[in-house]
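Several structures are given next for inspection.
Okay, so chain A shows up in both of these, paired with chain B first and chain C after.
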Partner chain A sequence: MDLFSAVFKDEDDLLKVTRQVRDSGYSIYDIYTPYAVHGLDDAMGLKPSKLSYLCFGFAFLGLIVAILSQYWIGSIDWPINVGGKPFNSLPAYLPVTFELTVLFGGVGIFFAFLFKAKLRPGKTAKLVNPHSTDYYFILTLEIKDSSFDSETVLSLCRQNNAVETKIILGNAL
Partner chain B sequence: MNTNSNSLAIPKAVQKFLLLLIVAGSLTFIAGLFLSPRRIWGNFLITDFYILSLSLGAAFFVAVNYASNSGWVVAIRRIPEAISSTIWLSGIGALILIFGIHSLYEWSHSAAIHEEVSGYFKAWFNESFFIIRLVVYFVVWIVLNRAILANSNRQDKHPDIAYTRKNVRNSALFIIFGGIAFCLASIDLMMSLQARWYSTVFPVLMISGMFLSGLAIIIVFVVILRHIGYSHIFTTEHLHTLGNYLLSFSVFWVYLWVSQHLLIWYSNIPEETSYYIFRHFGGWGSLSFLNVVLNWLIPFAVLLPVAARKSDKIMLQMAIVVLIGHWLDLFILVMPAFLGPEPSVSVWEILPFIGFISLFVLVVFRRLRKSSLLPVNDPYLVESLPDSERIVKSRNF
Partner chain C sequence: MSIYYSILRKPIIAGDKKLKDITDDVIRPLEQKPTLLWWVAFLVSLTVLLIGVVAVTYQIKVGIGTWGLNKTIGWAFDITNFVFWIGIGHAGTLISAILFLFRQRWRTSINRSAEAMTIIAVMCAGIFPLIHMGRPWLFFWVIPYPNLRGPLWVNFRSPLLWDFFAISTYFTISLIFWYLGLIPDMATLRDRAKSKIKKFVYGLMSFGWNGSARIWHHYETTYLLLAALATPLVLSVHSIVSMDFATAVIPGWHSTIFPPYFVAGAIFSGFSMVLTLMIIARKVLHYEEYITIDHIEKMCKIVLVTGGIVALSYGIEIFMAIFFGNQYERFMFLNRALGPYAWAFWIMISCNVLFPQFLWIKKIRRNVALVFILSIVVNIGMWFERFVIIVTSLHRDFLPSSWAMYKPTIIEIATLAGSFGLFFTFFLLFARFVPFIAIGEVKGVLKYGKLKKNLTSEGSVKANADVTV
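Our next item is the complex of A and B:
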């Protein structure tokens, strides 16, 4: 697939042009920015992420694992009398349960994100423009077929102060 | 055109009703002084500390957002500002409370307690020093809070970033000295009710409850103003952020509640457990359970999905749940000393409390009318309200 890319220097320009190209019916391949731009997900029409449900699931798993393991260790396998407390007492389980809930939720969603974004340690980033990690805001559009009207897109980009536009042949990203 | 007011007004009927409640509350309080003095003083302490929590919670909310240079809060800032301007109300309450010291605090009249609890106890807990301290706390809160509000209002007339810079400094001072004052005030007013009992995490638990209830009252006012036609300046985004705050501070409150409870339960030292043994069985036990349900379980479970934090109706319900929960929190803290082993709620609990709350609502609305609902010249306004330029020009607020 061929891509069209345009470089902007200002996030307001980027937000404006994103809304305009989406309204004109072009499909956005992706947008590369040096930092998270507020309101961009809305302008791109992205659906809310489902990762938070996954996080809840992992955290709940952590809760169950923590309570069951402490119950098994503390009152079945190796009961120890600590300060005369009953072997099976919920208050004593609370700190570990809290920590494991947070740990499972945090670590779980971290790996889920890596998996979904196809990231791994040591992966080489393919960048449209190295300055997208720095000070450039880059919009890339899919060139699907002949319905892609490069003249209109170009004029939209120029109106919004695009610094540079180009066409990337074959999906190099 | 008068730039320093708005058309906000409470309907006459509501105003009359609130005035009626204030009169009924004060009459019940006076009757209680003769019929059931210990119980009425305990309840007055709860009521006064409750109002103090609401106004100080809002004051800390304003200060925290100034000190951190938060942009999002600017469009709704006049609401917490108006709520925080009522610290003087609980200050007057504290002056009345001075007459009840002997009914409330055992240390004020028992010689035995001073021999039992040694060290610096006597130097700290005596009547005159107690009164001086109360005055100092309120002076610190009111002076610093007034300074912040005055700069914020002056900025409406004179567009100058210097006012924002001054307020960042004032807010930092307020957070440090106001925070220390509140820690000491919670020890003086609340923890010293049972002079033999102490807990080092107690002031922090009180701070979390204060901030949580402050957030809840801000949300109530935001939702009311959105409902009567200000939803273009108090937007869903603001409601959403306030919801995030409410959710996280509800968790913070229960974290500290468990911290205090767990350590006392684990170490099992008689003078520490005496506090919880009373609150663990019978009616007080059920109320303690309800306390955690209202302040944490319900808000946490309901506000977890993001859609709930953007809904006016759900946010209002959760804010009211938290406000009831905070009263219950203070009720469980104070009243076992006055009611004995079984809790009961009567007219002494309800009417004076509702009377004081009505007075609080009237004062906040009067303050809201006084200044413009939008800090029009705040440099961060556009961050909070992307459409601010058009709204300020059309004077539609």
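Our next item is the complex of A and C:
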């Protein structure tokens, strides 16, 4: 699949052109920005990330692991009488339970994010433009078939101060 | 949706910066050869660290009998330093998590370095309980794992074990949070790097980041979730540290206000340390346009608020001790204020309660030199707070025949100095090899408080009405 790419210098231009090309029915392949542009996910029509459910799952797992292991250790495997307190002293288990909930949730979500974003140490970054991590904003559109109206796209990009447009053949990304 | 065009808000970043200028400015210290000042500071820190290493080696070899502890005062310098460093370590995650949730966008200029400070401070703190174990090579016995000693488990009712879980969770989450923020900046460094080694190292550390908006979308969710998890974590860690004391029956420790009192104190001391470091860094690394006087003033306000909470806690503690009717509690507080350690008590009161009141004055908040001095004063005061709480509560116990005094030995002082050496050595290395300011985040707030350029000709009111992005 071929890609059409346009380079912008300002986030406002990018946001505007993103809305316009989407309204005109083009499908956005991806957008590369040097920082998280506020409102871009909305302009691209991205659905809210489902990672939050996953995070809840990890945190809940931490909670269960913490409560069960403390109960098993303190009441079943090796009960110790500490000042005559009950073996299953749940209130005393709360601090460790809380910490493990946060630990599982935090570590879990970090690795889930890396997995979801396909990021890993040593992976070679696929860049459309070497300055996209510094100061350029790059919009890439999918050219699915000959119905791709490059004239309209070009004029939209020009109206929004694109500094460079090009076609990437055979999806080198 | 977007609010950064409001004329009611002042820009966060001074000067008319473009995106590329931010990258250039922040990375400049990394691309230049280290200055003479850096070398001097580094070598001094390293020397102090080595003194600490010698002291620690000696006390591990000989035993903790090398400390000034006695039968009455079984806990003193070591735990004081531990609580002091943990407290310092509270500002970073507060800035990155709580201020993030409160949408305090000025945090972007200081969050990277404050988080690094947090991680290093927690490492410094971790050393002290490790040494106190006496046989630090068996430290893994505090981890509950199926072992061949029974299996013998840890006691989950012990606050010291809660502490182990709290500190290690805090360290892990802070590290993850810091590294997550670092990934996009590492990609920026990678794409600018000229030398092959740099390209390789930054390439390895940036995980193949290419700035895709789809990834940014998940990234922001992850960041928000980590912030939401880290916020109660910050509050829990020092609460649990305070329970090391509050669950004991010692007068002066056995107090229900300890958790909030300790948390406020931790943020108070942590922000003071951030101020100390930022005031030096902005000057030395020429970041005055990023860490502006406005940033310093805002941090001063947080110091003032948390200092107020600390002062209120002191007041409540003294009030309760005198009027509650517990004679031991009452004696202990009078002994703190008027006894042989009164000097430490009054250092604490003047540094933590009296001097921070100067921060009510706007002129002082905006005076960098005075703020610098006050931040160091608060740090000294907060160290003494822990010393006063720990030592004066123990040194005159229920049995007057065992009353005693505590004096740190040279070994203990060298260990404390060594922890400062470790702190500054690591912080200097951080400033040398990692972008000191979160480049990606600062770029995101660049337009904050500035008028939309192509609309200014039509009037600022129009520009503000036209903000739906």
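Here is the rule we use: the second predicted complex is superposed on the first by the 170 of 173 C-alpha atoms of A that agree within 3 Å, B and C clash if a C-alpha of one lies under 4 Å from a C-alpha of the other, contacts with A are read in each partner's own complex, and residues count from 1 in each chain.
Keep this in mind: a residue touches a chain if its C-beta (ideal position, glycine included) is under 8 Å from a C-beta of that chain, and two chains touch if they have at least 3 such contacts.
All values reported here derive from a predicted model rather than from experimental measurement.
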Consider chain A as the common anchor and indicate whether chain B and chain C clash or fit when overlaid. clash
Is A:150 in contact with chain B, with chain C, with both, or with neither (first, second, both, neither)? neither
Which of chain B and chain C A:88 touches, first, second, both or neither: neither
After lining up the shared chain so the two structures overlap, which partner does A:59 touch, if you call chain B first and chain C second: first, second, both or neither? second
With the two structures laid over each other on chain A, which partner does A:15 touch: chain B (first), chain C (second), both, or neither? second
More residues of chain A are touched by which chain, chain B or chain C? C
Taking the superposition on A as described, I'd like to know which of chain B and chain C A:102 touches: first, second, both or neither. second
In the superposed arrangement, which partner chain does A:36 touch: chain B (first), chain C (second), both, or neither? second
Please work out whether A:27 is in contact with chain B alone, chain C alone, both, or neither, and reply first, second, both or neither. neither
Could you point to the stretch of chain B, among 145-153, 181-189 or 343-351, that collides with chain C in the superposition? 181-189
Please write out, lowest number first, the residues of chain A touched by both chain B and chain C across the two complexes. 48, 52, 85, 92, 95
Applying the document's contact rule, which stretches of chain A touch chain B when the two form their complex? 48, 52, 56, 83-85, 91-92, 94-95
Chain A touches which residues of chain C in the complex? 1-2, 4, 18-20, 23, 144, 150-153, 155-157, 159, 161-162, 165-166, 169, 172-173, 176-177, 180, 183-184, 187-188, 190-192, 203-222, 225-226, 229-230, 232-233, 236, 240, 243, 439-441, 443-444, 447, 452, 454, 469
Sort out for me which residues of chain B touch chain A in the complex. 258, 261-262, 265-268, 304, 306
Residues on chain A engaged by chain C in the complex (per definition of touch): 11-12, 15, 30-44, 46, 48-49, 51-52, 55, 59, 69-70, 73-74, 77-78, 80, 82, 85, 89, 92-93, 95-96, 98-100, 102-103, 105-107, 109-110, 112-114, 116-127, 130-135
